[in-house]
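Quick one: structure below, then a few questions.
So that you can tell them apart, the chains are marked A, B, C and D in the order they are listed, and the count of residues begins at 1 in each.
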């Protein structure tokens, strides 16, 4: 099957050409999408960008249809990571929805690693996947604990700061934003405690929080360490 | 004993139903607690929220009494992590205290892992517990060193900045807040050194501080690494 | 020798009493030192604080003299970590120097671990010392690389931002402060790039910088991991 | 060959003297370069600095010519890390270019480790190189993923915040700066989301982002851990 070789394989000349054309299209569409957002564009530029958007979307649609048509299992492709991204990137255009998901296309660039047939890359991904499987439960538990800590921090700071700064901490929902920026140590400085109680509470929360934030790094290190060790043993 | 099976066990249909009902109650009470803090609520909404709070607290009280009554060892439950949280979540309501500890209920959600009988979750917790036991002493020593470093930083920055910014660094106690936000790298930007000496001091403190902050992550990684290794050996 | 037993040993009742009295004195002096910095103290309070300072310093001086007198090797004590801290904490008082090093006393609290005779603590320290000896060279090389990166960042941002913000980035020396707060991710927000070139440069520097900052954590993890492993082998 | 011994070797007296003279020149030129940027210098100082700049550049040019002339392989030196830095540091002076690359000289200080013949240092570098070779693929893949995440974050925040703050988030290009400062947790606070949607999006992006940022530290830890282990085995 000719079309199958072009669309699904990347070890033929035609397949590689197709892949690189799609990659080029993705980069092109990301750049036009970004330029589109610049303020003060002339109407000619805007028309050109709109036209290119139509062309790109049509081409992506053709690609999507071809991929579905040639996929060994249509279901597997449609519900795969790339299948969903491919669909989300073109659907809003046809549905004339208010939501713009074109920027999601950037993740299609991940394909570049597959195209380049980097043996090392696939080994890296495999290794990382193994590491994650060693730490699957932890990877599920810690986001939950983080969420609970975030809520508790927000409720606490609301309790301490609401009276002193009613305009900055008007409710627990508003305080959640403070909790997020503080526990991730981003610290924009748009909201911060000013009462002694609030500051002490922030200190205690940060001490716990930084310990919890250190866990993922430690986990990844330990899991990857085990994978590398197992590889070493197999080589012996 | 029928009530024991419902309250304490989660492998019977009745037990699971009870557990999920309590989980639902916790989530419900957290949401109402958060809505309650929103400014500009109508008096009808407020009344509804108050009513739901009374109902929820009564239900939690019933649950607490049942748990104490059916616990194999009443003492063990009352002084356990969950026992204390359960009590703290309802007590302020009855004592009409100024302190509001209802937000602590969020940690009761941790029970979800126990209810879901996630074998992996308990393995993850066990593994993490083992890792902590490998690094118990370090986990005690480093918070102490962090506290000393915080005090030293506060005293130092007070010495350098007090004259230049008497309103921002009026005393060592006020400077402690600066030390906390700086060494955790949150950096709100509400207070920062402006003198050359203060900036140089901040640089030196940060160099030490970041080294010390890296220790917990390294510790967790090393301890978890050892646990994973031991598991691997046992499987051999 | 009676005095030797009291001052140098902590396994006798007299020795322990002496140790705890000194610990109490340190905590007391840290608290008075902090209170002293509070603005708006009454003259009576100030006099009391001054008096207590004189008493505390005299007592610390007596302690220092006793420690030197009873030390098995006077030289070893005087030039040890604690010997230097002990001297620095009392010297400025007698020399009536402008520099106030009393806050350095906080590090004397480290003795608490020795007094408590925590076997685990000494094991933790020993383990950490071993880990450091595994990574001695790296611990020397990376601060140097960090310093070079800081200077390069400062020079770069000066080049990009000086024209646009001459008041914020007047020279490379001033830009160093920006480099410190940015590469440590503190980000106070007192100074930040506003030109496109400066922002791009900051991005590139941060990508390198965060990689370098990740090295110490990785290093500590790897070194501690090795130490824990060796311990495990010895137990086999 | 006499000149070869002086320029290329550092185990002869003449060679060491030459090396230390060059090191001194580098430090001297870095200091003068920094002083040069100070505002409000007298014209005499400026003239002196200009003169010293000419002298230093001439000396560096002589050094560069000597290094090229005495290098066993001219090509290898010219295209080596140090060769390129050496050239970049003097070229702008002769070409009278607007770009000033003199600050790049700071990286020439890395030579100090080579000069000091630190056996440990070279072992540290070797170890680190081995660790990197274990994790080469990952070291390539993760910067790419970070770039994609940055773009996606910028596009997302543009979508959420553009309407509310058209002056702060006028286009995706401008939003990229926000994405960089947020995902690295620098958080200057010059730009931050104010809409509920933007804040929620920031929260989600940070959760993913901090996980990805933890990967390099974990990777370095795991790779270094393996290297230290292999060393241990060889010693057995």
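What we mean here is this: a contact is a pair of C-beta atoms (placed from the backbone, for glycine too) under 8 Å apart; a residue touches a chain by one contact, two chains touch by 3 or more.
Please read these numbers as outputs of a predicted model, since none were measured by experiment.
Student: By residue number, over half of the contact pairs should agree; on that basis which option among A-B, B-D or A-C is the same interface as A-D?
Tutor: Matching pair: A-B.
Student: Specify the chain most distant from subunit B by Cα centroid.
Tutor: Looking at centroid distances, D is the chain farthest away.
Student: Just give me the whole-number Å value for how far the CA centre of subunit B lies from that of subunit D.
Tutor: Here the centre of subunit D sits 39 Å away from the centre of subunit B.
Student: How many angstrom between the C-alpha centroids of subunit D and subunit C?
Tutor: So the centroids are 28 Å from each other.
Student: Hey, what residues on subunit B touch two or more of the other chains?
Tutor: 185-189, 217-219, 221-223, 225, 229, in rising order.
Student: Which subunit A residues qualify as touching subunit D in the complex?
Tutor: 30, 33-34, 37-39, 100, 103-104, 106-107, 109-110, 112-113, 118, 120-121, 123-125, 127-128, 143, 146, 177, 180-181, 184-190, 213, 216-225, 227-229, 232
Student: Give the list of subunit D residues in touch with subunit A in this complex.
Tutor: 134-138, 140-141, 144-145, 148, 151-152, 155-156, 158-159, 162, 166, 170-173, 182, 185-189, 192, 199, 202-203, 206-207, 210-211, 214-215, 217-219, 221-223, 225-226, 229-230
Student: Which subunit C residues qualify as touching subunit A in the complex?
Tutor: 185-189, 217-218, 221, 225
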